[in-house]
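Two complexes are shown next, each including chain A; its partner changes from chain B in the first to chain C in the second.
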Partner chain A sequence: MVLCISLAVVCASPAIAGEPTEAIRKITDKIISIVKDPALQSPEKKGEKDRLIRAAAEEIFDREEMSRRTLARHWRKRTPAEREEFMVLFEDLLQQTYIDRVKGYSGEKVLYEGEKVEGNYALVKVDIMTKQETKIPVLYRLKKKKAGWFVYDLSIEGVSLINNYRTQFNSIIMQSSFKGLIEKLKEKVGKK
Partner chain B sequence: MKKLDLELGVGLFMIAGILALGYLSVRLAKMEVFGQQGYELEAIFSNSGGLKPGASVVIAGVEVGRVKSIKLDDYQALIAIHLPSRVKIQDDSIASIKTKGLIGEKYVEITPGGSDIILKGGQKIRDTQAPVDLEQLISSYVFGKL
Partner chain C sequence: MTTSDERKDTEVKRRVSGYGIICFLAFLCLLVLPCGQSEAHGLFQNHSASALLMLPLEDAQMNLHLSELPIVKPTDPDQELKMILRQEMKRIDRRRLVVAMRLGEKLHMLPDAAPTSGEGAVASVGKRGQESASRFEALIKLTAASFEDEKVIEEPEDWDTDVPQVAIADPLEPINRVFFAFNDKLYFWVLRPIAKGYRYAIPEPFRVGFRNMFSNLAMPIRAVNCLLQGKFKGFGRELLRFVVNSTAGFLGFGDAARIGMHLDPQDEDFGQTLGVYGAGPGIYINWPIFGPSSIRDTIGMAGDFFVDPLHYMVSGTRETIAVRGGDKVNRVSLSIGDYESLKKAALDPYVAVRDAYFQYRRAKIEK
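This part shows the complex of A and B:
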């Protein structure tokens, strides 16, 4: 089953969209064009393709916000160096987990179903129509920073990515330590 | 004289019984006086999933508060929860509605966040998760386990 998460689809909805929706749409379109680019189809271009997709994702995902939210109450005690190390590993983890699904995009339609803005926070609702005509609801949560709107969480089928990792990271840290979490992340992404 | 004593005795016993019953009713119904040394927060869910007023609010498995009211607001569930003053909720906490066991009653779980901003009375928990069936399974499948 090709589970394309939001990042790889073509907008089919003519609904009025504000800044948050446009921010997501822009990166989504960019990533789709990278995935579909014929010049990047060959196996030796895999590394470059992955790097380009990651760079595009970094334009919309607020990695510090996401890292703070997943480490939650463990964030405050960490030094800037530890935080940086964690942020990189967390990004590696997300990349590793989702890149294949993103690259597996094969024309699924994405419908931008509307947004809700409250001050510096926004919700953007998106539906992904799979080939089997099933609808996957995706909800983006964005926060407005000086440079624009950035995503800090996304929920698929009502399950939040941040909450998922927050719970897992918390239980790993409680069972071992922050160092233990770092080690586990390194192991998972194949770094020493 | 004896009859008066007896009647007095029975009367006092009855009053004591009614008072005891009253006390027991209040305790059993868990009607704590809301607003006593606490504050309220709101949270909006796309679906309350059958959550009832009086349901528990839980952090790390520990009951810390109660659901005060559930109303429909703009076709979404607006839930008010009551928490004691000593329980601090960061503004990036996530509130989710979960089920006790697999088919038990619903309750609200809050996972604390990492923000330095603490929510004050009357404010809203922004990030919420409506109840999902077999949530953990889906979560692990969709997002992968570490």
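This part shows the complex of A and C:
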């Protein structure tokens, strides 16, 4: 009985899902197809595969909003040039982490559990079913811009990525300086 | 009396005292914690939890966010009650409200508070009850699922402020960092190599099965904490899961209850129970071997220890280490790579783990 209802909900959701969910679904499907693409499996195609995933992720992630929220109070004190430098490095770090994660994809199911929209902001809830049958709840936070919906944060098991980086970056800035943070970022993404 | 009899006798005493401590802790968190804190005092002493039902939902929502309310001279007792409640609600946080409502559900003997029960409830409890029931349902809806609860728009005050950001206090940071480095080495030099060998030797379905067995065995921890948090449905689900999985699931090896009946485990522990009753995490503690914790969750761990059947099934230090170690290695074998990628993504792994732990526990308590 419960099974039937939940199946009905899962099957019915594509029809009733709103724009934010569709935006997430589009990119998720795209990335899964890149990862699974047999033509991209060989080691010499690694660079191209990474580039394709990177391009797909850029379509949905809002790097400025992410950077602003991560630096939070430190953002205001930075010059446009400093902000730009930070954004580029932070995006690299996120991409690196993200590519690392999605490459581990091995047939997990992605279940779209619902969305909430309030003005220009939206939440999309997704459950990832691992092969070991454990459910990993993921929550996307999106903001609407002229070009559509963009993700500015995601939480996995209640742990927000942006909050986590904010705490780390704040701690580094407080202990050294903004310059110190930039240096550490450069080191991390291998631009040094 | 022979020595073995004496030993049995002390064994029984040990168990009895164990249960005594659980009961004591249960009482402590049911009575002392809510009353010990001044802001919850009024709610639990002066008004029954059912009084919360009189409050219009809109007000309840607003008061959780908005700050000041105009002081109005109360005209009738009902209004006075509302006003007191408004002030109370401003101060109590939502977690405690959930508990109060769950208790209220039982006190009022309302029919099942599931969103579908509106019609049935109406006929039996009359007009007053009708109001209460619908408000109650709405409140339950508001608080039941964490996703429903989630704010779509994060206020700038939530993140972009000059005040020190929401995080766990960490006055022991220097020593915590030492233990963090120790645990890091323990993982990379000992735990991971063992788990890798084990992973190579045992096929994954068996490892998942062993994990299920251990978690099935730990049912009392989740069930007891469901009860303590007033999650009576969760308690029932845990008992049902245990019966189904211990039989149809072959001693818990297979999670038949989840696959066949969609009964997910209720991930509750005593640290969360304390959190639900308003206890903050205190300070961050990174224990050697056990890893990230807090004052609250350490007390929680100690409390759960006495409800854990393993504690009574396995005696002797060596056996305990073997069994717990086996469980740990088995679990790690299923999640090799998680810690590695967290570390790879972090600029300061220690701060990353500390914050992830804080956020993770907070989300669990709100659920």
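Keep this in mind: the second predicted complex is superposed on the first by the 177 of 192 C-alpha atoms of A that agree within 3 Å, B and C clash if a C-alpha of one lies under 4 Å from a C-alpha of the other, contacts with A are read in each partner's own complex, and residues count from 1 in each chain.
Note that in this section a residue touches a chain if its C-beta (ideal position, glycine included) is under 8 Å from a C-beta of that chain, and two chains touch if they have at least 3 such contacts.
Every value quoted in this text rests on a predicted model; they were computed, and no experiment measured them.
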- Item | Joint occupancy of chain A by chain B and chain C, clash or fit | clash
- Name the contact category of A:Gly114: first (chain B only), second (chain C only), both, or neither. second
- Task: Would you check which partner chain A:Gly104 touches, where first means chain B only, second means chain C only, and both and neither mean what they say?
- Result: second
- Is A:Gln132 in contact with chain B, with chain C, with both, or with neither (first, second, both, neither)? second
- Which partner, chain B or chain C, touches the larger number of chain A residues? C
- Message: Quick check on the superposed pair: does A:Arg73 touch chain B, chain C, both, or neither? Answer first, second, both or neither.
- Response: both
- For A:Gln95, select first, second, both or neither according to whether it touches chain B, chain C, the two together, or no partner. neither
- Query: With the two structures laid over each other on chain A, which partner does A:Ala122 touch: chain B (first), chain C (second), both, or neither?
  - Reply: second
- Message: So the two structures are superposed on chain A. Out of 62-70, 242-250 or 260-268, which stretch of chain C collides with chain B?
- Response: 62-70
- chain B and chain C contact sites that coincide on chain A, given as residue numbers: 3, 69, 72-73, 75, 93, 97, 121, 141, 155, 157-160, 162-170, 172, 184-185, 188
- Message: List the residues on chain C that touch chain A in their complex, please.
- Response: 147, 150, 152-154, 159-162, 165, 167, 204, 208, 255, 258-259, 261-262, 264, 334, 337, 341, 344-348, 351-352, 354-356, 359-360, 362-364
- Can you list the residues on chain A that touch chain C in the complex? 2-3, 6, 69, 72-73, 75, 93, 96-97, 100-101, 104, 113-114, 116-119, 121-123, 125, 131-133, 135, 139, 141, 155, 157-160, 162-172, 181, 184-185, 188
- In the complex formed with chain B, which residues of chain A make contact? 3, 68-69, 71-76, 93, 97, 121, 141, 153, 155-170, 172, 184-185, 188
- Which positions of chain B touch chain A when the two form their complex? 46, 90, 92, 94, 96, 111-116, 126-127, 129-130, 132, 135, 138-140, 142-146
